[in-house]
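Given below, in the form of structure tokens, are the structures.
One chain, subunit A, appears in both complexes that follow, with subunit B as partner in the first and subunit C in the second.
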Partner chain A sequence: MTLLRNDTAAPGREQSRPGRRPAWWSARRRDRLAGYLFIAPQLVGMILFVLLPLGLMFWYSFHDWNVLAGGFTFSGTENYERLAQDPALPGVLGATAAFSVGLVALNLSLALVLAILLNQKLRGTIVFRTIFFSPVAVTLVAWTIVWRFLLQDDGGINGLLSTLGVEGPNWLRGETTAMIAVVVVQVLKNVGLNMVLFLAALQGVPKELYEASTIDGANAWIRFRRITMPMISPTILLTSIITVVGSLQVFAQIDVLTSGGPGTSTTVLVYYLYQNAFQFHDFGYGAALSVLLFAIVLVLTVIQWQMRRKWVVHED
Partner chain B sequence: MKTEALTPSPTGAPETKTRRLTTGPSRRAKLVLYGLLCVLAVPFVFPTWWMVTSSLKSANEIFAFPPSILPVDPSLSAYGRVFEFAPFAAQYWNSMYIAAIVTVGTLAVSSLAGYAFARIRFPGHNLLFLVVLVGLLIPSEVTIVPLFQMFNGLGLVDTHWPLILVPVFGAPSVLATLIMRQFFIALPAEVEEAGRMDGLGRLGLYWRIALPLSRPALGAVAIFSFLHSWNLYLEPVVFLSTPEKFTLPQALTQFTDAYGGPMWDVQLSAATMSALPVLIVFVLAQRQFVEGLAHTGLKG
Partner chain C sequence: MKYTRLLLAAAAAAPLALAACGGESDDGPVTLRMTTWSASEDHLAMLNEIADAYIADNPEVEAIEFDPLAFEGYTSTLTTQIAGDNAPDLAWILENSAPDFVSSGALVPLSETLSETEGYEYDDLIPAATELWRQDDELYAYPFSTSPFGVFVNNDLLAEAGQPTAAELIASGEWTWERVVEAGAAVHAATGSDGIVIRDFDYTGWDNLSTLWTGWGASAWSEDGAECGFDDPEMTEALTFMHDAVFAQEAMPGPGTTADFFAGEAAMTVTQISRAGLLAEAPFGWDLVPLPAGPAGEYSVIGQGGLGVLTVAPHPEEAADFLAYMTSPENSAKLAQYFPPPRESQLTAEVLGQANPLLTPEQLQTVVIDRIDAGVVKPSHTGQAQLDQAVRAALDPLWTADADVPAVLAELCTAIDPLLAQ
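Presenting the complex of A and B:
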């Protein structure tokens, strides 16, 4: 995929013009200096607000640091031993996996279906495109608060179901239904983003490919498998990486809809880390949980990046 | 893009087989498609519709069954009470000005860095680009504990500084830099030649030539960073403790009665006020909005 190609399009073409300026102040040097100055804000920001905190995170994770009890003492691998023995952690990791798998699968497949529907020769697809995309522009917490009401026992969803003669469950109070609710609410909020990216990719597939393959007798499903999927595979890779990493960041929806409950059934890793660090004020253990979260993000991204060799088609 | 310009579907058959291929799906297929689209549209539209109409209803009518599609006796009284229960005007202003600064700041930082990584060759640019890319792997949720301690050490907890500095300079701006870099790479080298002839330096080429040509990418970055800041929730919850300093997402969760139960009518009025202006801007500008996102190199 072109996104991470390690090249630059425009090599410095300015040649130094001897005799007009001191030799060290050549156009090429000036250009290099401009390059460093241009990236300086981003680079300094990366160091201060990403790399330094990352280092501190590892440092803290080897310390016993409870703000309420006071004290900041080196404790070796104690936090990691606790991590391995934490009786709540398997449940938390299970909830994280359930949420992420559910979100990524539902988000990507729904986004692809919507994009294919909107890619048909139909009048008014622009209206539907606006509709499917609109939740992206609705304030996240506002969207979530509305769904919390709709999902209440006496809320809109069960009201709707009862008109159909179905008695709906108390969605946010059942372990499985709460997880389903959190996933669906989040997918509806953001599926429009991936849909738009898929739509742009679909429209970039050359028509001739379809025409040629149909002459060869391929049916719609074969055309989809053999042409559409390979042609949009770079977009699928990109959206899946963004969606997987995004799914591990979910916090507001959990906090507003379920507060991690019922029990700990929707306590995903970010929420558990927040509880430990900022509610129980146990920053050492919070840092160890952060390391775990970081490791998961890293491993998943590397796996996806490796998988691209298998199924992503390179155009260049 | 215009609807007429939509390319035929992958499932649409070629011209050689049947007549309908040139005219798109058959009439029956169209009906099925429209039906499907309408059904799928309900969960996307209904919550927003319900939020806006319920904010005009009385607390009793919100829970009425069957629910009324339009408010029986529309009233703005809940809107007034939003401002009685919370310093909502201040909270609104906080969200607005923080999002504005984050948007402008991200545009500046990411377009400068994106331009340099795309068009200037300097020693170590590949390595430095990799360093920046690492930001994609480290969302601020991962580093929230040390970030809190750092800002705590600087005495900047319960101020808006962390909500501005981290998005503009930290991990969230990396995606913006990527978008800008992809755009500048695709920009033909010739467009800068005229500027060079006129003796423009790098800053001049960037400001006078590259930036004016990069409106679609700048638009996409502006939308991304505005929405990111506008929706930010974990960071305000962690960093802010004074209600006057809260931003909207955090403020919306605070409308509870003495027993901790939500005051639905007030909360929904506040939610509507927070969501509707952005939504209206989106609907008015939706072409630029959607296409800016789609045509920025994020296509892969």
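Presenting the complex of A and C:
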């Protein structure tokens, strides 16, 4: 509002006091300058740490860059041709898809169930909310290292199972169990965040809707299906986009828990990218893999955004 | 008041302007930076002492900074610094990265600088120790640490299981892998502790298994690096032996289990002498002996660390001069406190004993000095990082109780053949 007032007053002031300052130094320009200065730190940060690296990533992907040999030569689409023929890539994409699907399905469903349970007016819910949210505040690597010890063959999980008379598998050494372990460790780390978002959405659903539907004879399932789900659908969209994008960026958990193994069963795209760029010193191909990851994230986000028209009831 | 908002905005943006200022001039004395994978205070104190003495006599160098990087991911961090135009002047280089660094032109040739340095005694360097760091007779890095692998033994655990000590087995000519695994299995059965641990293998660091398979005359690939050796009969026999030791005899800890010899959790461990320091306050009786003999007889395996000057270093000439100073006979003797030197004249029990008071002259003689000349260096190849990853992934199926060893090894060769051919 202040800006608008200044805008309208500026010409008059300029006309009434000519010569006190240059004509171009109007209140409107002053306000604009102030605006630009306010956003400058964020803008410069965005340019330096997001847009510039993004541009450089595309640039590097068209080059053969071997750090040790000191070579940086334009190679056209060579890295992309290699991408298309890379025999390891289908397995890597498969592991990425398995991880993402497992993570998104488990995370969202568990977060929603926890949010519904903790939305009840019962004693102790605040304690449970804190318990489920607290892993979000824990350092990711510390969390993962503790889980690595728990998941070892002679670790805490199998120790617990053995007291129940069950012989647990060697979690991080079996191809399927390793993937399950990585997904579960990641879900337990972050489910609290989605749970809080769902909880906030659930508490925003007007009580009158439930009262009216109860009077009309709707049972608990129908109330959930016909009222709760549509009313929290914007939050479902938000959490699903955040979780899908997050699932494609998983790195530290893989590095600490499995290093991509056993075999290559947990080598997801980001980890493969890291291996190529930082372990195999092939930054050009690593950049091409980054472009592929960027494209996948972009496409999935656009699809989810478009799909909102079908199942997001309101976007208030 | 009308300028208040503008002033606030300017204040918000001020840090950017400040950040844009800075930088330093290249004129005048230079500062050298060297990366290491040791953050040991003792190591750094010794390096700083050598650096201070150099700076006192060389005014063109005003400071030498030692920059310890984490051992895990050391080479990745180093190459990232190079890629980010922030290369150090000198760097420690792991033996498994040696072929990549030496063959790529990433390192400054050192032969001329070293041989022309007064009093350097270039010919004193042992050829077997420098081989990995040479190309076409040109030396690209100085192997500052050349350390054979040996076996640390917990005599108390062996006695508890009714087994003879390592010294007794050596005396009776029974110090063989077969007997070692038998003793390890007995320890596991009698005490629940693990028998023998190949340290740092942990079912990922497979190159440490060369301390075992060399005893069968096996090698990861042919000498010229072109042919896979994992499907050779010697390798199949060696890894079948190891598979049995893990899963049938339970003499070695299985995948996903940990046992620290130095905490008294295992009877024997294969590692380098530099770990002896961990036994300073060991509550058990211990010994250090050479690797056991395999079917192919006695052998030794050495691990190395190299020191090189990077071609993209900010000050390569000054760095090469400092390297010559740091590795001169006088300073090499100081380095020998912690790292077995590649100099013939300094490989004596007396020199090594100064730094390893926990080890007897006999232990140093039999494990280190007698074994360096004939030592086989751990496997390394150009494109080592890719090979390392490929071999690890292909070996994973071997570490299950019902694994078909020859089939896994044949698959492994199929996986790495294209990489060896590069």
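Just so it is clear, the second predicted complex is superposed on the first by the 285 of 316 C-alpha atoms of A that agree within 3 Å, B and C clash if a C-alpha of one lies under 4 Å from a C-alpha of the other, contacts with A are read in each partner's own complex, and residues count from 1 in each chain.
Basically, a contact is a pair of C-beta atoms (placed from the backbone, for glycine too) under 8 Å apart; a residue touches a chain by one contact, two chains touch by 3 or more.
On a predicted model such as this, the values are computed, not experimentally measured, just so you know.
**Q** Look at A:Gly70 in the shared chain and tell me whether it touches subunit B only, subunit C only, both, or neither; answer first, second, both or neither.
**A** In the superposed model, A:Gly70 contacts subunit C only, not subunit B.
**Q** So in the superposed three-chain picture, is A:Ala34 touching just subunit B, just subunit C, both, or none of them (first/second/both/neither)?
**A** both
**Q** After superposition on the shared chain, which partner residues are touched by A:Gly261: those of subunit B (first), subunit C (second), both, or neither?
**A** second
**Q** Name the chain, either subunit B or subunit C, that contacts more residues of subunit A.
**A** B
**Q** Looking at the overlay, what does A:Val44 touch: subunit B (first), subunit C (second), both, or neither?
**A** Touch status of A:Val44: both partners.
**Q** In the overlay, answer first, second, both or neither for which of subunit B and subunit C A:Gln275 touches.
**A** second
**Q** Of the partners subunit B and subunit C, which touch A:Asn170 in the superposed model: first, second, both, neither?
**A** A:Asn170: touches subunit C, not subunit B.
**Q** Check the residue A:Asp153 against both partner chains and state whether it touches subunit B (first), subunit C (second), both, or neither.
**A** Second partner only, subunit C.
**Q** For A:Val183, select first, second, both or neither according to whether it touches subunit B, subunit C, the two together, or no partner.
**A** In the superposition, A:Val183 contacts neither subunit B nor subunit C.
**Q** Just checking: does A:Ala137 make contact with subunit B only, subunit C only, both, or neither of them? Give me first, second, both or neither.
**A** first
**Q** Show which residues of subunit A both subunit B and subunit C reach, each in its own complex.
**A** 30-31, 34-36, 38, 41, 44, 154, 278, 283
**Q** If we count contacts the way the header does, which residues on subunit C are in touch with subunit A in the complex?
**A** Touch list, subunit C to subunit A: 2-3, 5-6, 8-10, 12-13, 15-16, 75-76, 79-80, 82-83, 100-101, 104-106, 203-204, 254-258, 311-312, 383, 385-386, 389, 392-394, 396-397, 399-400.
**Q** Subunit B touches which residues of subunit A in the complex?
**A** 1-4, 6, 8-12, 14, 30-32, 34-36, 38-39, 41-46, 48-54, 56-57, 60, 114, 116-126, 128-143, 145-150, 154, 156, 159, 163, 188, 192-193, 196-197, 199-205, 207, 210-211, 214-215, 220, 223-224, 227-228, 234-235, 237-238, 245, 248-249, 251-252, 255-256, 270, 273-274, 277-278, 283, 286-287, 290, 293-294, 297-298, 301
**Q** If we count contacts the way the header does, which residues on subunit A are in touch with subunit C in the complex?
**A** These residues of subunit A touch subunit C: 27, 30-31, 33-38, 40-41, 44, 65-70, 152-155, 170-173, 259-264, 275, 278-281, 283.
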